[in-house]
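These notes are about the structure you will find just below.
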Amino acid sequence: MSIKDRVLERLAEASGGTIQGYDRGPSRAYVRIPKGKVGDVARTLIEFGARLSAISVVDLGHRGFDVVYHHSLDQAESPLMISAKAQVEREEPLIESITPLTPQADWAEREMAEMYGITFRGHPDLRHLILPPDWSKGSGSGAVQEGAAVGTEGGGEGVRLPRDLMKGKARIPVGVYHPMLIEPVYFALGVDGERITGVDLKPGFAHRGIMKLAEERSYTRDTFLVERVCGICSASHTAAYCKGVEMLGGVEIPDRARYIRTFMCELERIHSHTLWLAIAMDLIGFDSMLMMILRERERVLDMREEISGGRITTGMSKIGGVRRDISGDALAKARASLSLLGDAVASISSAVRSDPLVRRRLEGRGVLAARDAMRLGVVGPVARGSGVPMDVRKSDPYDAYSEVSFGIATRTEGDSLARTEVRLDELAESLSICRQCLDRLEGTAGPIAAEEVPEFDDGAEALSRVEAPRGELLYYIVSNGTNQPALVRIRTPSFMNNPALSTILKGETFADAPLVIGSIDPCLSCTDRIEAVRQGIRSGRA
Amino acid sequence: MDTIRAIRSFSRAKSPWILHLPSGGCNGCDIEVLACTGPRYDIERFGCLVRQNPRFADIVIVTGAVPCHLKSSLKRTVEKVPDPKIVIALGDCACTGGIFSGRNYSIRTPLGSILPVDLYVPGCPPRPDAILSGIIRSVALLREKSL
Amino acid sequence: MPSFSLLARSLRNLGKCATSGFPDVREPTPPRFRGRPEVSEDCMGCQACAEQCPSGAIRTEPRDITSCGGADAGPAKFGTRLVLTVEVARCLFCGRCQEVCPKEAVKLGGCYDFSTQHPSGFDLRREVALAACGVCGRPFAPRGQLEWVGLRVVDQIDPSVRDAVKADLPAYRDLCPDCRRTISIRLNTHTEKYI
């Protein structure tokens, strides 16, 4: 009996025998559960060691909303994601909150509550997460109207925090623009002397309504839109999106396309990690190292420009394959640049590792214990730095990752140094994957894109995930049978990692805060995409 | 009096300080601005220094699509920059809204409708060369303005 | 024990200039570089690029020509022109237009330095002629596109009926869809005749 059957059997028991399940491929299961049994189902899945990856809401028109809980079983012998759907009415969308069971649902429920107007009963704190705090209540029932410039013009001063968080101690507001921050975000740090006692984080200052826009544009146009969710991990976003759309239509992409996608994703990891390292060195005050890294990083960007024509937005993935080939001269050039880059990365990483000042700034700062990492559901280098060996490239291989050999870097300390070392190890692994991809590209002939992509059925859905530089990136795409998707749900890695800051920062000194915040590599453009539902009933869906 | 003004204009344009305000973009432009401070493009060649302090800034670089609740913060921050100042709208998002324009409840671009913009540097994202060229042009504008 | 690899690297870099010579020396862009889309004379005005542009940077709008050749010249043959605008301040430089152009008339060029005091300073405009309907005189489609479609139809149709279609083509090609429908009986181009 496979783990999937065991889980489904137990789910049926937990939900009172009224479960209806269906499969989409071997690694995805979708089950429909009664609205009242959400808590029992969540509890059962937690017993199996499942991690709540995301909560999506599908707008079903007058039939209400489907609240979809995407659970990932990372420890299973084969990749498995279980999406449990519960339907709520449109007039009074009410569902039990699972935040008291797992903190992984906290931000996800807040986000869905403000965007769709769904009430999660029992959620301890249903303030606005992404939207301005003075945005009128219950967006789902009509605050966001089509094309209307509604909402607030209020600034960060409108951010209200729970008083009890601070308990009479000093409260230091950081943001929206602040020299310590790279992106606009609002932190309220409660401090007792030098020590941070409480943290509240208000993201959403980079909210561009991307998911809403994606529903109004065709699948092809969306490729370029999702590329601009985050400029740093643009290749991962397009790879995940295209993979999702390919799953919708059951398209197999050619081998060359798989290698090129993997190559671009790994190149991006190198670019992202070196950028992160540069910023960390800047925060530490190690300016010569900052300059050294920025100098070497240009090699990656040059390579991307040589291959794709753009330094930052490469636009390589398209639905069914890739846009541009890497062959002949370009391949030889890429190989030469990789070897120079490998040399540079090796010397930079040995210098960072051995520098006593860098170590002293990072060691023991911002500790996230393995237990907390599991509890909060953090992903990527943050999880791996805390000894949780989760990596989508291994647990749910996509593109060419099942063919190339690489290791997962983990550390058990859980401090900033561990996260730094994980990223340094990953740089070396990524370089090796890049080389392997180029080797395979040389030995493989054939097209770089599938001949044609079929049309998608109404109600077809796909759940794709990739390992972006910051961790698991998840796309949930639902089709409505037209050339525009019904839903493109994007759950970025930073969305899971950012809430962990309140745990990580507690007990640190205020002076260490910038570096500790930086150590989880928070990407706020990623965190702040998402959509709002429009007023009334969606047309075109019965 | 004119001599003093000429000296002041000369010195201001000789070493302008840059305030970089990422305002809800995809980070693409922001990392290209960072690349400009690196050794390859090196804006310090032109006497510029990126210092995140509005009170001392001469050139303000705004990137991103300005989501609704950032609008007033952005306005207040830019108002704190003493005159004469140059406001650069960097990247497509700031110039016109770029790919995010259209029926979007969240964004408040073009930047020109929020603030007086002196220079536009389109691109998605602009290459560091294009950013440098924009900064060189804005230094010339700054000299003109402070005369 | 601190490593000296950083120092070694710095020494190795000594004397080598990392900084680009911009603005005096402009490094050449790689061959695949995606700069501003350049529209060549081959553009027939089919608007495939405008339809597919992810950010809506390519727009088309018909424009009236107010002056014709004078009273003696009679009504202008091409009453209006189609204006295609590439708005650089909205362009993503993604190359989608180049991909979809059936005539390979759009190419992403090497131009990337657009700093300007007016956001529309670097916009690109191209005008194509619209064909007027042979009956009602209303402009309805770009002339170049009509010719191209005609060629394609003849080229790709079942060879057994190619001659009949080819013979009929001039009769209805220059008619707008409405007029074509009204006078379809007179045109005698019903598909039945080919079967």
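Labels A, B and C are assigned to the chains in the order they are written; within every chain, residues are numbered from 1.
The rule we apply is simple: a contact is a pair of C-beta atoms (placed from the backbone, for glycine too) under 8 Å apart; a residue touches a chain by one contact, two chains touch by 3 or more.
Computed from a prediction, not measured in an experiment: that's the story for all the values here.
**Student:** Provide the labels of all chains in contact with subunit A and in contact with subunit B.
**Tutor:** C
**Student:** Name the chain whose C-alpha centroid is most distant from the C-alpha centroid of subunit C.
**Tutor:** Measuring from the centre of subunit C, the most distant chain centre belongs to A.
**Student:** In whole angstrom, how far does the Cα centroid of subunit A sit from the Cα centroid of subunit B?
**Tutor:** That gives a centre separation of 30 Å.
**Student:** Please work out the Cα centroid separation of subunit A and subunit C, and write it as a whole number of Å.
**Tutor:** 37
**Student:** So how far apart, in whole Å, are subunit B and subunit C when each is placed at the average of its C-alpha atoms?
**Tutor:** 33
**Student:** When you check subunit B against every other chain, which residues touch at least two of them?
**Tutor:** 39-40, 98-99, 102, 124, 127
**Student:** At least two other chains touched by the same residue of subunit C: list those residues.
**Tutor:** Within subunit C, the residues that touch at least two other chains are 18, 54-55, 92-94.
**Student:** In subunit A, what residues contact two or more other chains?
**Tutor:** If we look for residues of subunit A contacting two or more partner chains, we find 224-225, 228, 295, 313.
**Student:** Considering only the defined contacts, which subunit A positions touch subunit C in the complex?
**Tutor:** 217, 220-221, 223-225, 228, 288-289, 292, 295, 305-310, 313, 315, 323-324, 344, 346-348, 350-351, 353-356
**Student:** Quick check on the complex: what are the subunit B residues that touch subunit A?
**Tutor:** For this pair, the touching residues of subunit B are 21-32, 34-35, 37-40, 52-53, 64-65, 67-74, 76-77, 98-100, 102-107, 124-125, 127.
**Student:** Once bound in the complex, which stretches of subunit A touch subunit B?
**Tutor:** It is residues 131-132, 144-156, 158, 176-179, 182-184, 204-210, 212-213, 216, 224-225, 228-232, 234, 275, 278, 291, 294-295, 297-298, 301, 311-313, 523, 525, 528, 532 of subunit A that touch subunit B.
**Student:** Within the complex, which stretch of subunit B touches subunit C?
**Tutor:** Interface residues on subunit B, with respect to subunit C: 39-42, 45, 89, 92, 95-99, 101-102, 110, 112, 118-124, 126-127, 129-130, 132-134, 136-137, 141.
**Student:** Would you pull the subunit C residues touching subunit B in the complex into a rising list?
**Tutor:** 18-20, 22-23, 26-27, 54-56, 87-94, 112-119, 121-122
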